[in-house]
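Each of the next two complexes has subunit A plus one more chain, namely subunit B in the first and subunit C in the second.
Right, the complex of A and B next:
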């Protein structure tokens, strides 16, 4: 008779707590999946803006006359709107302001038979790292400018 | 008899306290679930809106960039006219692009029509690039003729400031997408400096 009384007693607090714990544990991955989706859209938006900044920089370097394109590595501090590419050229950077991006340009010469045939342009855009973290994400675009003379 | 009476008492149903506890737990779970669902719904709606804005701005920038690559002086145009090749007003941006292999050009016009942006080329049907999501669009044509060692060389570019905002929905405010960039008609610059 004692056994019958015990089984008819209903759900105990411990059972309810176990059920709630299981429900919470199962809902965590679902919440994570939804959050990842929202974060994914944010990343796409940031990458689109960085890609636009990279094209902006690459296009103006590609449109400069071959002789006015300096060779070397140029850091963000040297790439300023309205400032010349470097001291050897009058061509100026035209940069749209974006405090969240770090720009870097590498230009090297490709020679054949002693004559510079191409200039290789590499544009790298990095995101300003969050405090205490290293900048990992970046967008890189490369192109060749031919010497037509 | 005593045992049967006791069993009947046990099977009589739930007590008020039990029902209240169940209602309390059920309300808590339903409350948490509905808050989560509403959060997810808003996240989805915002994501969808952001996706549309990204797609439209991407399409607009890619089309304009592609047209600018093909922007050129016509066969019969004088090089001195270079600064007039790209024309901008508050609502329009116009220039000529190559339309065949013989070097002929035809006009392309980008037109702000309320909250939309349309592209017209020659006699072709107009194409809507931004459909009802435009908040603001400024395009200014700049040009510079260099002096000193680069005497006579010219640079021309478009300063673009585009802001798209999704359609307002009750309880949902999508983040506007702002893109500021400069565009360079590479071929035209080469043609001017060639």
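Right, the complex of A and C next:
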């Protein structure tokens, strides 16, 4: 019975209970952080894809000859791989398919003294909304294409 | 069981440690993801900044080029940018925005604001990355020569991200005058072509007028009243001439290869070169000088009066004479009123041996100009170049007895006692020195042995054909201008002496331009390093450089023509009017083929044209038109179908000399002189036609 008299040996029940309580209490923020991290990875991945898609589209529009760049607003339905920008131009899209993204292009003219000096290009990429939810996240890139003539 | 891991409180510590680690990992992951997300945005914003920069360049490049053309950097001409480029020394990066008219940046700022509040575009023009290209004095130093870039830089800005795109074009700054050569009127690599008398083919009379056959090339090493640009009045030339260092300001001459002998042409006439010794400024009163040998240099018999039998045999007696030594210097003359050939060997004063060695014809190369007032053009001559000319020596007889003196002085022409040219074996102490017309004039009966005991002593004083380094004439001409009481030959003061040209030095102010051989060993390398544009064929060159509306050459650069078909390059080209007018000069480096000159006229004194033949073996003067051009053709021979009229620097391999030689003028253009400040007139800046590359910086 001498062994039972030792005060510094083994793990007591009280100790285990306190540890479990602490573990439970402090795991909540840890799990929350990890959960937010996982969501962040997903968001970053989605945004990277969306930005890449926006750049891909913007580059194509920027590389088109000024006169072949149509003015107007173009919806996702009009922006299809292998299809022309619109009926007035032979210039065609070459874009990567992605069912999770909705593309939108707005092209307007910027004039000075009656002459169109630039076309302003606005590319908007939205995510396909989840069922029952509205697509609120989007990426927008804008640039100018100069009239060299 | 004594391990601390099983002590009380251990589990609590373990749990807290694990939680802290997990918390730390969670926070790190979160920060990392936030940063990643931010970076994704930055990547996209950078792309947009790049697109905006591109739009800036595209929108403004035309205005910029218009502005640069107006400022003159594209298309050449004197302008503030040109002034920056031709500043000597290193050129740091410099913005041109304060010089050119910026009409685009305000517009770009307005348009970019319409894209986004954070968007901005600005396009600037810079001179960047210049390095000096000619810095080695053993090759050539040109503090102005450089290469660098004209950089149009567009900076786009979007949501804090900035991208700059540069469209760059190469700029060359180089001089169109050939290095080293432009200090020379004439360079001939192999002048003698193995025959030291190669150029002595002119038949002329005593006065320096030509009889028939070949005519001489008169080489003028300074500006004259006849120069097409940068003229100089006669009085200015004469004023310059009196300066003993005038050679520094003049075009120099190099006749390379083995020894070459130029027989000076007799007389003060059209082609006479007697101005090497005598003042011919007024040919109507021209008088040859009797050079008197200094008494102290003569043998003993000349020092005091001698009693000698006189030549009046009807009244034989000895009379006292004071003897001296004098001589006349003369040029070569093949023909006279009395003698069709070898006129200078009349009276047998000069020996048969000299006749065989030198002949009586004179040289077609007149290196120091002609006898007209203001056209004597002495300069520095490099190489083994000898001038040959006869010295007619005589004993100067002064009768001291009144009777003899009276007889002597009443003679016309004046009695002369020539010391004939003798070979060693013909020398005899008993040989009589006679009056040259064999007259009895009261003069002495004079045996040679009374005056000279040895042939070697006699040889120093006898008549003969003298040979001196050509450049010695520079010193004797100085004697003419300084007018000493007693003219001596050779003159007591040596300004210039023979110089092979192994170590010449050219300086402009304190800048050492060149130090090395008169034939620059790296000339071709330096010239090729200046090339600003290249053409495959001669026709390509003319298409680009000939202005059909003004009928003028507008080169304004340093161009290389490869010409693999070895077609002759003609100035002007066939089918174009003579002479070729040059409104924009430059340098043409012809890799293959020969050159035909039909006349070249520079429309502005600030232009120069140089043609370099790399492998060509012929420079042909086809017409008598003036050719205002510099030629560097070290492998070529100058040949001609007419009189030559050349104004510039001529560097060739050899010069044809035969019965077809019609002579002419080779005139130095003083503006070519690299040691003078006006050398800067002939720089050409050239901006490449094509954008060389796009350069993007973060």
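As a convention for this text, the second predicted complex is superposed on the first by the 123 of 149 C-alpha atoms of A that agree within 3 Å, B and C clash if a C-alpha of one lies under 4 Å from a C-alpha of the other, contacts with A are read in each partner's own complex, and residues count from 1 in each chain.
Following the convention adopted for this analysis, contacts are C-beta pairs under 8 Å (C-beta built on N, C-alpha and C of every residue); 3 or more make two chains touch, one makes a residue touch a chain.
All of these numbers come straight from a predicted model, not from anything done at the bench.
Enquirer: Classify the contacts of A:16 with the two partner chains as first (subunit B alone), second (subunit C alone), both, or neither.
Expert: In the superposition, A:16 contacts both subunit B and subunit C.
Enquirer: Considering only the touch criterion stated at the top, classify A:26 as touching first (subunit B), second (subunit C), both, or neither.
Expert: After superposition on chain A, A:26 lies in contact with subunit C alone.
Enquirer: Looking at the overlay, does A:98 come into contact with subunit B only (first), subunit C only (second), both, or neither?
Expert: A:98 sits against subunit B, while subunit C stays out of touch.
Enquirer: Is A:68 in contact with subunit B, with subunit C, with both, or with neither (first, second, both, neither)?
Expert: first
Enquirer: Please work out whether A:117 is in contact with subunit B alone, subunit C alone, both, or neither, and reply first, second, both or neither.
Expert: second
Enquirer: Check the residue A:53 against both partner chains and state whether it touches subunit B (first), subunit C (second), both, or neither.
Expert: Only subunit B; A:53 stays clear of subunit C.
Enquirer: Determine, under the contact definition given at the top, whether A:36 touches first (subunit B), second (subunit C), both, or neither.
Expert: second
Enquirer: After the superposition on A, what does A:142 contact: first (subunit B), second (subunit C), both or neither?
Expert: After superposing on A, A:142 lies in contact with subunit C but is clear of subunit B.
Enquirer: In the superposed arrangement, which partner chain does A:44 touch: subunit B (first), subunit C (second), both, or neither?
Expert: both
Enquirer: Could you give the residue numbers on subunit A that contact subunit B in one complex and subunit C in the other?
Expert: Touching subunit B in the first complex and subunit C in the second, residues 8, 10, 16, 23, 27, 34, 37, 41, 44, 48, 55, 59, 62 of subunit A appear in both lists.
Enquirer: Would you pull the subunit C residues touching subunit A in the complex into a rising list?
Expert: Contacts found on subunit C: 1, 6-12, 14-16, 19, 22-23, 26-27, 29-30, 33-34, 36-37, 40-41, 43-44, 47-48, 51-52, 54-56, 58-59, 61-62, 107, 111-112, 114-116, 119, 121.
Enquirer: Which stretch or stretches of subunit A touch subunit C in the complex?
Expert: Touch list, subunit A to subunit C: 7-12, 15-16, 18-19, 22-23, 26-27, 29-30, 33-34, 36-37, 40-41, 43-44, 47-48, 51, 54-55, 58-59, 62, 110, 112, 117-118, 120, 139, 141-148.
Enquirer: Residue numbers of subunit A touching subunit B in their complex, please.
Expert: Within the complex, subunit A touches subunit B at residues 1, 4-5, 8, 10, 16, 20, 23, 27, 31, 34, 37-38, 41, 44-45, 48-49, 52-53, 55-56, 59-60, 62-63, 65, 68, 89-92, 94-98.
Enquirer: Can you check the complex and tell me which residues of subunit B touch subunit A?
Expert: Against subunit A, the touching part of subunit B is residues 3, 6-7, 10-11, 14, 18, 25, 29, 36, 39-40, 43-44, 46-47, 50-51, 54, 57-58, 61, 65, 142, 144, 146-150, 153, 155, 157, 159, 177, 179-186, 189-190, 193.
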